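By written order: A, B, C and D. Residues from 1 in each chain.
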């Protein structure tokens, strides 16, 4: 767990500044909430000494004098309030907050905090760079508690590799316990909650000649009749990966599969940002959600782009769980698990929050629904695609229904893990005939 | 309801035949079971007067003398038995059965019956024919209680048309109540329970310039958030079908859909055989099941073949519910509903029972799972595809799991009706590398 | 199928009446819609010759002169209309309707019809009566196509018996094919679409000393692990019913069940009204829906009351499928199936439509959710209970949520059949503290 | 994350012992697996210097001489092996393991470990004790990474309190972020993986006069129709808890709820053991699984006993999320959330692994099914109950089916959280007539 004291080590007394600092603008405030760091948006307007603005939805008013900031913020819909006393130093504000929550307004609690300015990343003017990164630790939770392994700028490209789902590296050496250990997390400068992280998969290549899988069928795809017939038996199965011809064949095929072979189509089973506290201190890497994660969607491959809503400062990108090839749903529980060479380029859409996890390729925009049952994931994908088309085209629910009814392509993407996955694909050729509203919002993608 | 008396109208006294008839072979026996006609398989071996064989799993022994047949059949695993007294006349046996069931063996009941010989249809040697058929009644149940509107031979082609789901014909005149009224049923000579009916869709074309749909979202695809936003309102929407350019456009588009258009892709929402008694006296045409029916699968279009397990003599083919174009799942409840011109060619696979409903086209063999939830339809499609690959390739469950895990394509085909639908598609290019066992069974497709 | 000609046999030419008949009031009109009888509400106001009113939501205006009625009705929200020409004779109107539907207004069709007055049943003033009824036919569809076996008045009591689910009577003699053959249908005078049929189960008793069941587990309750262990094998199992002590014991128990016994608790697996055309010409008796049917809810026993929304004139009450005892969900597929002695009393709530199927007993009011999955049945039961509490107490959705959150009892009632069942039970003791609005509507229960 | 170095701080050099130590018996070995501590069972037989036994399923053979232990263990079904070099000191073995896994046998890795003897807890002979415990930290993950707050012996009783789900204590002061912060974890001496932790809830009482809830309906229980009606709006609702009369009433009731009141029935929404590594480094306290957790089952109240399969040494008991009263399923998302006074007594069933999470009270034994959908939780509860009755009574699957079919009571216990919950209740009065096999296994419950 992220220890709050580490966060605040840099809090030191500063001499009063001669000149009045300008704090107008947007900030991200990190609060020590009973030992857990949580982040909140702060917007400040400044007129002389007078400060107004918004803290996490509460209206604030106060004073900034000689680098000392005090304000009182109030929930317009309730009794709750915050009283802040802090010191401004450049792009950093540190101090103390007395917090009275609506339900327990008679019992305020006191917390330390640090806020940093949401400046357009100074790095964004730097020329894009390609990073060569060799991983040495592999993470088994999506969590903001881990130190980033590398910091990159929007527009940068990253070349690295992933261990397989069992933790084995390209040479076949175990490097981690299993359960989809991840490469990362990577801190993306300037990515803040409310933004979208864009992950372009520029290259995704095999880097060893074998993969591990099973010959079982996951419970969701199984039936009593099939289980009675198979005795529900599952063995580990090794596949040979022919790197020259890009085909996979079982190493010890049964009688009817002596000549069975399938073309490989490498994919990343997991791509994620850190989930943030809303989902608790961390989530195991076999799981998935609105932060991405173990989606096992077989169109997350070379040439595709994954879009993820940023939840913590720096986004904290993780990826792993490479599959040489996988049928829809990963019905064997383990697909053809292997290590992979990965090249991704990252971008940040500032101020634009994509309403779910999306995958984009040449032909389709795709909403990923992830939930406890396929039925629910199906409805989730539909709702998510509506939110996207409402955002992009201002479609009404009724207009959306008409587009959906004539253009929807629904694929069952994941059946192996805790969340089932359904992907709703919309062909760009069909969306192209929709009328896009005049762009009133700037939508300023960095790079 | 099929009235038993109609079935047995032809039962007349016949003079005893001078010559001993040969009854060896397979028969289909239609029994008056408390007012409902049910069909049962009868297999007879004959040695002089001595008769042995199998009646619906019971071992039989008896005598055939002077055209009078008597036999006693006995359940090898229970107490139940049948005592038959009957008259043979050519390819027909008529008589009386005393039936003692296992659970109520002390209380036998008496039933009349008629059996007809499962001869390879004499018609099958006839040259294939094309029938022009103009429908005048439209059926709202899949049921063997309806008189066939036409009898065709395997190999024959049938050109006709369908009303839309609301019962309106190509001219726009109402011809039936709604709920997917069907053209048919067509009796296919020689098709018997245990066989497979093969329906090749040779042509499927628009025959009017409008379709009816809605702007709603069916409950399965809907969510509380989406419903709160749409107020759950649904209106009827008319679409223009441009027959020259094969595109569909809404007649009164909303502001963001002024230029929205989609290519048409005509499909049959319903293709079915009569379900037989196992499903009760009849099933409404909005429903689906192992007999096919209202599957709303948007790949049932020109060039595709539908395979259905025959359940009653003559199969009794129904079809209807044409859609000009439909997204996966028919999420609007009504797709672009229209009348269609239909040309199908039928065949019968004698003695080969396909283990579910399948659709076949140039690139894929597809198993249709139909069940109360998408989750369950997903598992059903998997089990059905296993049964098929076991039948065709002798795959073990474990071999099947490996093929599934590398080649499965799962699509949500139906969300609008009582049964959800999931289609498991397997690319023929991938199955082509499986080793097919030497053909021990003849699999004699007529034609 | 209900043959329209039977309905209209009584249409005869009548001499013009000297006196102007009074047709003001409510009528139920039965229309020959392309061979299928459908029923529609008609409300008439009369001022001299001038007629106004409402036909199925369309505003009508016309003339009644010398017993000849003509009117034109118009869809206020569309183009559709009806032109009626008819003859009035006492409580009957017969005639012809030209019907132009909104979507096909250019193509009107012509139909014959007969309307009867929704008089408060003249029988309702008759003293309640007890009918002894011995069934001779058993129906395997819920359908309005069957002739009623008996007509009863609201308030009447009916004593009869049911065969078991396999069709065997109290003596053990087969009387029908299986699949839950029903006793009935019973026509209830005065029950009209829009009313509620109330079925009080006054007595429900065993009438033979054995029941038939299985030792299997239905697919919904089964898992791959359990199926692999059981080999998915199912045998028929006979239970002895000790009528003196009201306990059930297996006839041939396995080693661990030598002394296993359970108290009997007889229940009706099926209680239904005819579904009406909305569900098609008929529904097999193994199925269920908003009309009731095969719900397999083990609290439908002596002392309970079943409430069903009337869908066709006379309601057409069916019941059957007695179980000596059944665990929740009927997980064996067949419960302890037996024949039963049944005494029910029927009532009609005129003008009050219960928003789903309900069961009522001394302690609880219970909403029955029936749908393709347990998840969906759970949500359905919730929505149905909301509609009831909104109707009875004017609860807002938010108030309902609070009551639900503190008082809901959810039971899984049905897992064996096509629809899963979830029952939401609300204790009357908890609802008793809600504030009931002043009764503005009469809610005139007959009896 | 549990830091391995902490685990091994006590590893110190020890002088060679003059006398040969006896290491025969059962041990629990904690391995530093790439930075994560995992535990494995070790069983040793000793004959002079010669050591044989079993390590996590692998057969081992080696030598113990002068306190130095070396052994080689081998997977009987594969190529994998372990080579161990260690030092024995009393009830502790510390050393190094070379581990070659089956799939990567050519690439062994080296790990440090510490093993401790599974002695019957020496404390178990101590007289049971009651601990007064005042919590100061509240955990938001079920995790073995936290230091235990207290160590107790089997048989001991523990009196403490819990904050509410939002983190507020009995005085109403916030003490933690929300999301069901837990009291604990408590280390239970002698509890080892493979045992069962028994948690008797001796007292469960309100300790403040208010609770927080909502007036919304969770998505699982919601429908498009209900959501369109409620606008899907949810507000926070405060309830007054009348501690004298044990009833709850809304503080600001709507018009129809002016007199609404319900009896309180305090319950623990969460009871858990640490999940162990199989579920990753930790699981947030809003979640549930085979380790218990946020089950929200309203029969976890005073007088009930919760049984949990132990997964890590000491079990690590957590509890929290008190509800003053809750309808089935916690349909409001938040029940009547409040702090509670809690008295529990713990026991350990050594060597007996309960096959899932169970709750036991005077009348019923109850299996808790937890899964992504209600349908799946229903099947899980069934499988879990089978495993229990197989364990206890040696029931075959077919015998189980008969008991289930006559005695099952299924309740929907949880609809609010990620896992749905279904509880299968079996009345002890019905199980009492089953024939229990002669006790061959000792089942030595401590205390």
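We adopt the following convention: a residue touches a chain if its C-beta (ideal position, glycine included) is under 8 Å from a C-beta of that chain, and two chains touch if they have at least 3 such contacts.
What you see is a predicted model; the values in this text were computed from it and never measured.
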item: Pair joined by more contacting C-beta pairs (B-C or C-D); value: C-D
item: Of all other chains, the one whose Cα centre sits farthest from chain C; value: A
item: Gap in Å, rounded to a whole number, between the CA centres of chain C and chain A; value: 51
item: Between chain B and chain C, centroid-to-centroid distance (C-alpha), Å; value: 30
item: Rounded Å distance between chain C and chain D, as computed from the means of their C-alpha atoms; value: 47
item: Residue list for chain A, restricted to those that touch at least two other chains; value: 217, 222-223, 225-226, 230, 373, 375-376, 420
item: Contact footprint of chain A on chain B as seen in their complex; value: 213-217, 220-223, 225-226, 229-230, 233-235, 237, 248, 250, 254-262, 325-332, 335-336, 373-375, 378-380, 382-383, 386, 393-412, 415, 420, 422, 430, 433-435, 437
item: Residues of chain A defined as touching chain D within the complex; value: 1, 33-36, 38, 99, 101-104, 106-107, 109, 137-138, 140-141, 145, 166-168, 171-177, 179, 212, 236, 238, 277, 279-287, 371-373, 375-376, 418-420
item: Complex interface listing, chain B residues touching chain D; value: 217, 219, 222-228, 230-232, 373, 375-376
